[in-house]
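Presented sequentially are two complexes of chain A, the first with chain B as partner and the second with chain C.
Up next, the complex of A and B:
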């Protein structure tokens, strides 16, 4: 079973993920967009770059009313990115299988801290999702599946690093594979499409001389 | 484009569904793909903030359009539709969402400024209205205004006869001629019906200022209306027709510039949407009156003397700041004639809407919501303790006055052009002294 998970199923997940993400982005772009023919007041390129960068941070006017979500959102995303790119096994994996080069991994204490922050963030976001009237209204099964699959991959990943028992690494990889397969069909796609959505809003706003 | 001379909307679900499908461009597809259902846009919308009703969450107003996108453009959506797991778009969606699409959205675009994945929600609601109006689901007042705009040239049914009577009055008051149908003038001035009927002081102020600046300008007796009901209701065909009427007289009168009046959505219509509606760039420069005044002032073509020491603040029309980047111009102008200009906490690109944009002002059944939304403005004004509120949009002015009256507040609303005209140096005939 573990041979299947580490072999053919891994390859399958990689293919679905890659083809799915590329296909999904292609489908978005194929929807077409009519050119803005109004005389420009500013630069669309500066606007696009600016908005992609600026939306990493909340507008100061909105911080007070969205404090809980903003903090939980940062916790989850920063913690997750730290784990993804700086956990020792991941650095090793990226070096050996993908990039051919690596970088220093984070120490064990930083791993624990990142994992705790990411877990707390994910749980807080999910609790808000099920408790806040707005997110309750907006939430679909997809949002829950995405959260649970991410949670599963993170839990098994942490346990695997503690090497509680040998099968955990395989279980973690299975979790990651399921996440990869589900990814292109879900709103996890925002990890890629946010460039498009922020970029196109920023480009249009930039042409209009608006700092969006 | 064939000329439209009448507007008779009918209930036609198939047509609406088809038009809605055609609204999905890659901006919309990327927005729906990116939305993480975080709900942060809710707190940006005056209607949610003041009612606490989650249905007023901006992205939720887009459920019908999202349904179309999901079922036509996503793997699981297509599959679920094919297997009968999800229901296809139905007339019920139009019925259930009509109030969200028209009553609780002023197209102010404040939500578009805060979404973490960058979704321009107002852009999508504008598009969604195309489907709703094609299906015949729009407020009666907006349908009526659109019909009047198409058939008479004015959403309020204001005729040239009514305007020319105002012009005669203004000429007597100012002692200056109001140029009409002057071929070869530099600028074509446009007006909104609301200004003609409710705030004619804008026209006299414009006359006095442009006279002092030595600007050659003209009104057109054929087309004088700047507002565009087609954009508000979401009917691009009507919107294009109304825009083409303006472009036609601009061409006939051989002007090179068009002045948008003190009206936010008229500015968006002529400045930003006109070329896209007719499918080619327009050969005219379009400026909002505030941009023109700022330009004339900086070039030394108009000068003012003295300042009001009355404490006042400025309400940014959403279309100017969030759709046109006109943020600094009104402030430069205000500072030149007011010594105690104070800002509301949330101003400029993050201003709160008056509550009546996007056709909400014309929509009777939305009046309760509109007044609820005004509470934000009330708090902002109370916080500053001002009794004078300046703005640069007749529609905002009307709605603000409605809210002020409803709340029995002691606040006067003044148009920026009017304020500048009051401090002209040398003063022209007909000057008044209401804020000093």
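Up next, the complex of A and C:
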């Protein structure tokens, strides 16, 4: 079983993930944009870059009413990003299997702290989703699956941290594979498409001389 | 007649408190006795084997010299470790399982005899907002973490006995390793959740006039209606127990999580003893909380899932609570001090 998970199933997951992500981005780009006939009053490039950057920060007007959502959102995304790119096993994996070069990994205590912040953020966000009367109505099965698969991949990764048992590592790989297969067909695609959506909005507004 | 009832009720309460204290303290006494008595050293030193006295002396915990630094590095044999192990295996594990089993059995028997408490639901259902979104999120955040920690903790305590026959030694080793990592990882998050819970719920859980009469009437379980505000006295006791037991578990858990920070064996042993006792009590009490919040009292769970309860439910269980018309799911109800 572990041979299948580490071998053919891994290859399958990588193919589905890569083809799926590239395919969906290509489909979005092929939709094109309607021609803007108005005279340009500003730079669309500056507008795009500015909007992508600005929207990493919450708007002042919404901070008070969305404080909980904003804090939990930052906790989860920053924690997950730190785990994904700075956990020692991940850095080693990227170096040995994908990129050929690595970078300094975070120490053990920072890994634990990042994991705790990410877990707290993920659980709080999911709970708010199911508890809030509006978000509960907007939530689909896709949102639950995305949250649960992410949780599964994260928790099995933490359990396998010391690599005491090969079985735990295989379980983590299986979690990651399931997430990779599901990724292109779900809302998780926002990890790639947020650049496109923010950039497009910003470019249009920038061309009109306003901030998006 | 009227005076004798409260007296007997008071006697019942004090008996309950005494029983609770005994339950908590009795299992610890042998451990304390064992750690203080050092009975091994008090044995008759006249033996045939001349080396026996030497090893007895070693077991007193006398310090020698070692090039290795750190607390107790100079002590060859420390009896505290053996005392801790005996407490864990011979007292904590069996008596903990008896307590949890007894609580579950009592709840099942009570449910079989009394059945669920129902409110009138034949009238048109007017709904009242009982918990805001944030209050519910904080409650379930704590509950999820509590059960992750409870299950992984119970696996660590009873896994050897229960899981080895099911999974085999290797399977149990993997499960125990995973449980330990999960327990250490989610423990600190539970501390944050506990803090959020206390901050959010404390204001409505202080003792208020009428709480004692609710207790004397058995919370309405004995037939007579028991009047209560937003939280009844039983819920308030549970809240302060959560704070007390959660604090003990948190502090002892931090010591165990950072065992490499030069804590000596006695400190770690004591932390483990407190952690184990508090956790078993916490889990046992939580059975009652879960029962009353779900199948024990119809309509209660709805308040913690959707935020709303039926008016007839509120009239039966919390008649002194008057929800504010202005509140929204985001703002939640006003504190009890303002609406009772």
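One rule holds for everything that comes next: the second predicted complex is superposed on the first by the 208 of 212 C-alpha atoms of A that agree within 3 Å, B and C clash if a C-alpha of one lies under 4 Å from a C-alpha of the other, contacts with A are read in each partner's own complex, and residues count from 1 in each chain.
The definition used in the following text is that a contact is a pair of C-beta atoms (placed from the backbone, for glycine too) under 8 Å apart; a residue touches a chain by one contact, two chains touch by 3 or more.
Fair warning: this is a prediction, and the values are worked out from it, not measured in the lab.
Asks: Just checking: does A:41 make contact with chain B only, chain C only, both, or neither of them? Give me first, second, both or neither.
Replies: First partner only, chain B.
Asks: Tell me the contact category for A:116 with respect to chain B and chain C: first, second, both or neither.
Replies: After superposition on chain A, A:116 lies in contact with chain C alone.
Asks: On the A-aligned overlay, A:52 touches which partner chain: chain B = first, chain C = second, or both, or neither?
Replies: first
Asks: After superposition on the shared chain, which partner residues are touched by A:89: those of chain B (first), chain C (second), both, or neither?
Replies: In the superposition, A:89 contacts neither chain B nor chain C.
Asks: After the superposition on A, what does A:167 contact: first (chain B), second (chain C), both or neither?
Replies: second
Asks: Answer with first, second, both or neither: which of chain B and chain C does A:204 touch in the superposed model?
Replies: Only chain B; A:204 stays clear of chain C.
Asks: Check the residue A:68 against both partner chains and state whether it touches chain B (first), chain C (second), both, or neither.
Replies: Once the two structures are laid over each other on A, A:68 reaches chain C alone.
Asks: A:102 contacts which: chain B (first), chain C (second), both, neither?
Replies: Neither partner.
Asks: Please tell me which partner, chain B or chain C, touches more residues of chain A.
Replies: After superposing on chain A, more of chain A is contacted by B.
Asks: Could you tell me which stretches of chain A are touched by chain B in one complex and by chain C in the other?
Replies: Residues 65, 132-133, which sit in both footprints.
Asks: How about chain A: which of its residues touch chain B in the complex?
Replies: Chain A reaches chain B through residues 24, 27-34, 36-39, 41-42, 51-52, 55, 58-59, 61-62, 65-66, 69, 73, 129, 132-140, 142-143, 185, 187, 189-190, 193-194, 196-202, 204-205, 208-212.
Asks: Where on chain C is chain A touching in the complex?
Replies: Chain C residues touching chain A: 133-134, 136-137, 140-141, 144-145, 173-174, 177-178, 181-182, 185-186, 188-189, 192-193, 305-307, 329-330.
Asks: Of all residues in chain A, which touch chain C in the complex?
Replies: Within the complex, chain A contacts chain C at residues 65, 68, 112, 115-116, 119-120, 123-124, 127-128, 131-133, 155, 158-159, 161-162, 164-165, 167-168.
Asks: Touching residues of chain B toward chain A in the complex: what are they?
Replies: The contact residues of chain B facing chain A are 24-31, 33-40, 42-44, 48-49, 52, 54-55, 57, 59-60, 73-76, 112-120, 123, 271-276, 279-282, 285-286, 321-326, 345-346, 349-350.
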